[in-house]
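Across the two complexes that follow, chain A remains constant while its partner is chain B and subsequently chain C.
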Partner chain A sequence: MTARSLFIPITLLLVIAFLIGPFLIIVAASFSAGETLAFPPQGFSLRWIAKVFTVESFRASFGMSLFLAIGGTAAALVLGIPASYALSRYKLPGAEIVRTVVSAPIIVPGIIVGLALLRYIVVPFQVGITLALFLAHTALVLPYAVRVVSASLDNLRSDIEEAAVLLGSSRLGAFFRVVMPNIRGGIMSAFILGFVTSFNQVPVSLFLSGPGVRTLPVDMIAYMEIVFDPSVAALSSLLAFLSIGIVFIAERFLGFSRYV
Partner chain B sequence: MSDASYLSLEKLTLAYGDSVAVANLDLNIRKGELIALLGPSGCGKTTTMRAIAGLLPVKSGHVRLDGADITRVPANKRAVGLMFQSYALFPHLSVYENVGFGLKLKGMRGTELDTKVKSGLKSVGLSDFANRKPAELSGGQQQRVALARSMVMEPKVLLLDEPLSNLDARLRLEMRTELQRVQKETGVTMIFVTHDQAEALALADRIVVMKSGKIEQIGSPEDIYNRPTSSFVADFVGFENIFPLENGKMKTSAGLIDLSGHLSSGAPSAAGLAWRPRMVTLGTGPFQGTVRGTSFAGDSREYLLDSAFGPIKAEVEASRPTHALGDALVFDLPAEKAAPLSRFV
Partner chain C sequence: MFQNRAEALALALPAAIFAATVFLVPVVILLSDGFRAPAGGWTISAYTDFFSNPLNQAVFLRTLRLGALVTIASAVIGYAAAFAIVSLEPGAKGKVTGLVVLPLMISPVARTYAWIVILGRTGIVNQAFQALGITEAPLRILFSETAIFIGLLQLFLPLMIISLISALENMPKDAIPAARVLGANWFQVFWKVVLPLTKEGLVIGGTLVFTGSLTAYITPAILGGSKVLMLETLLYQQVAVSNNFVAASVIAFILIVMSFAANILLKRVATARNKQRSPQ
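Let's look at the complex of A and B:
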């Protein structure tokens, strides 16, 4: 083989190594028997995996993260589905601008969003941390919801709504009877994407934490600053497998990658 | 309501924003009639249908159906069916559920619903396809589902927007017959839009020819085909030799040609005269021409002549002796065959 024909396979291997490598290291480290987070792991045990479930703050922050991911994503969909519908069905003046603005948070760094929320919403209006987190996560997920739902709406012919109306349905009824069932896959995909995005979100949540109110990733960072044992690695592995499981099921049953 | 106006459009004006698409349209349709709406692209056919269905608000004028003014009645309460060119079947529902959709909304349930849906499917020959999804059907089958879905609702009027344009030639003919059969069996009043004059001639009781948002002519297929009243309709139905008249003289590129004595009695008041290529006589007649082009069309042969009238298109039986390019010929535009046009545009 020439150097030229080796180039592509080697690049590919390197890319895979960089993508998967850290993940494999973390997974290996979670099964360590040693006292500190280290690689290669010292021995094999399940003690750190077991410990994850005993840390009180992990349980609380996991609950918080789960609440934000489910609640925030649901709220984003409740706002995002009608918004997407309006954007795709009505040729409103400035629809493109609205689309861009709605998508903006995907581009704007989370740090800035978090800081802005803290400085201009939370502090001046005395908004509770939980509510602030909820609003922040809703706002974060909204662009993803609009994008994914819009994509599936654009694939759906709008004349079926008129057909439903002519068969006796109201406009709103037509939306629920023939639009929603046909974009169900898109909505589920948006939900999963939103859930994962919200769950893994750090920068915004970093600014919005208070006594006893933290998201899981932020809590993990805080934990690591004090205790440097492999339980954080164990928790990371568990979360990673959870995400992979969700995406796998989604792809299997919804053809998730069509919408994202 | 008189019999002649089961569905009537009165001074109907329709617009998209400020641009008027249909202006002051008057049309009366009898119960059970099969009307074809014929016209070039952009003349307002779809716009008119959407207004009848209630999908497009009326700017001014009235729509009356079965004695009631339905101008402001919402689309879902009109008992007007519309078959879309794209069929617009619900992709998530089976054929059976598609057909039952409207009936269910009417509150029909149980065996009554089942009987109705099944007889609807049977009438279009799709009983065996009840459990398929629309995506698993051919174009022609999807079309039948759409037809059954509309027909089970027993609409007062069924509108069809270019129902056959997505089908290939053979299926088109088959569906054409099918539509005709369903219409005759149920006696539903039907309006269908088409670009295709052959389709309109074959199917319709009356043809409405539209042009730029106005009605150009209404008449039976024979009227439209043989007696077009304007140069536009004449051109649309295949009169290819169309000339304006001025005081009984024909205006041509070579000036005015006197046709007195050559015109049938009613014609001198006409604004124009039109002949189909088949009506032109070659080999005898008072006019001179030169063969500029010729083409073979199976049963017949077409000639393009240069003459004092300008170009003349003639079609003669293929068995007749042929003429070569450049041949000088005499020809006639027989007066008794000419279609007198009252409007020349």
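Let's look at the complex of A and C:
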């Protein structure tokens, strides 16, 4: 019996250590006073955390990633909400085709999407890198937007909007006054999921970078290949706490995990 | 259900047209590049060229091997972890599940970067090995298949654990005690009762882990270096270093075929075992 009662805590301890431990080490390393990345950290200082904010390329790429995550996700929702509504409430001819096309970007590896966009949209049509990144991130987030919004639409009874229409509301008015307030949680959750997905995405942005135009994670990989100081560790910790904070708040106020 | 077709199309088409132009059409053209003969017409010579190169063969086999190993390891560890989590009290269960899910919120670059500190020349593992006298000189763990394996396992294990937790929770509560009372040992309980009852969760988790590992870029790029390549990092090199777009198209096609094949194969496995069991 003792062997079995020991099995549970030991297994959990090892698995959690394996999953969380490396992250804790990164956090510890980012408070190091030493010149190079090391654990245990040499001394304690905030110099690397401070340095993150002074690296010019990090500031620029952080701005770019933030723009793509917010703008791309918003665009994906503008396209995705009507599509989800059509898929869940209408007899849509070719519904399966629409569903497949819209959710396809999730199946194909990002690096292929990025390369295809570069070769057949950016180069032939002289599209700017920023616009190309925006299009790529919108396409990438679209499947998540459609999936999460569809799920919350399917959970909402459709007869309340039919009732609104019968009572004289226009279809559009019924959507904005009856449906939207009821799926707000789902839309916010889709936004957060899209934001985190876009912000952390690397492969799709690899080929889509130009002089001074790069997303933050791609910039971090480029930086760590040249410099071996703890600033990437510091930046990683900051970003991790940022996304954990966002998800925590979302869970608290929206019940995020119900939608994802 | 509303019947108005024009309205339905007006709502759905913008998203579909966007995904088709930005994504579908460029990707299809890219994939067709690998089959186009320089003089016009179609050929598979790019594929025979690709596979006749021993370096490419090595990368292809390494990608398959790592995908398989990571999937098997995550299934074994995943079952142990999911069992342990399901047996916890409800409050503790939620907290531990939260800790398992937490890494999914953290940037994969940050998560992979941590392994440089742990596995590097002066990293924790080498410090410990030397302090304990296991090795004299520092081992070269970073930039190897082992490092990529560890990185991928850490990246994708949570997906397997979550799939198995929900599978185990949906299992009838008295299945295990019943099997025990009827004289099954723990191995038989797992093999004949738990596995068949949770295989859907295993298939879902397995597909996510396997396709995720096949198509991972960040992990092999950071932990494999420029020598130990996987298909995605090879694709990147072919474009960024060699400007070889035909080879890139070939690799892209192989990656897509492998992901789809994995999905279909695993679905087959699940349904085949279902049929086999139903007459009993």
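Keep this in mind: the second predicted complex is superposed on the first by the 247 of 260 C-alpha atoms of A that agree within 3 Å, B and C clash if a C-alpha of one lies under 4 Å from a C-alpha of the other, contacts with A are read in each partner's own complex, and residues count from 1 in each chain.
Throughout what follows, contacts are C-beta pairs under 8 Å (C-beta built on N, C-alpha and C of every residue); 3 or more make two chains touch, one makes a residue touch a chain.
Just so it is clear, the structure is predicted and the values come from calculations on it, not from any experiment.
Enquirer: Both complexes share chain A, so when I overlay them there, do chain B and chain C fit or clash?
Expert: fit
Enquirer: In the overlaid three-chain picture, which partner chain does A:226 touch, first (chain B) or second (chain C), both, or neither?
Expert: Neither partner.
Enquirer: Once chain A of both complexes is superposed, is A:172 in touch with chain B (first), chain C (second), both, or neither?
Expert: neither
Enquirer: Output check: A:164 vs chain B and chain C. Expected answer is one of first, second, both, neither. What do you get?
Expert: First partner only.
Enquirer: Just chain B (first), just chain C (second), both, or neither: which does A:8 touch?
Expert: second
Enquirer: Return the chain, chain B or chain C, that is in touch with more residues of chain A.
Expert: C
Enquirer: Give one of first, second, both or neither to describe whether A:182 is in contact with chain B, with chain C, with both, or with none.
Expert: After superposition on chain A, A:182 lies in contact with chain B alone.
Enquirer: Nearest approach of chain B to chain C by C-alpha atoms in the superposition, in Å, rounded to an integer.
Expert: Scanning every C-alpha pair, the shortest chain B to chain C distance is 9 Å.
Enquirer: Taking the two structures together, which residues of chain A meet both chain B and chain C?
Expert: Dual-contact residues (chain A): none.
Enquirer: Under the definition above, what is the set of chain A residues touching chain C in their complex?
Expert: 7-9, 11-12, 15-16, 18-20, 22-23, 25-26, 29, 37-39, 79-80, 82-83, 85-87, 89-93, 95, 97-98, 101-102, 104-105, 107-113, 115-117, 119-121, 135-136, 138-139, 142, 146, 158, 171, 196, 199-200, 202-203, 206-207, 217, 220-221, 224, 232-233, 236-237, 239-240, 243-244, 247
Enquirer: For chain C, which residues are in contact with chain A within the complex?
Expert: Chain C residues touching chain A: 1-5, 7-9, 11-16, 18-20, 22-27, 29-30, 77, 80-81, 83-85, 87-88, 96, 99-100, 102-103, 105-111, 113-118, 122-124, 154, 157-158, 161, 215, 217-218, 221-222, 232, 235-236, 239-240, 245, 248, 252, 255-256, 259-260.
Enquirer: State the interface residues of chain A toward chain B in the complex, per the touch definition above.
Expert: Per the stated touch rule, the residues are 157, 159-160, 162-170, 173, 177-178, 181-182.
Enquirer: Of all residues in chain B, which touch chain A in the complex?
Expert: Touching chain A from chain B are residues 53-55, 75-78, 80-82, 84, 86, 88-92, 101-102, 105-106, 149, 153.
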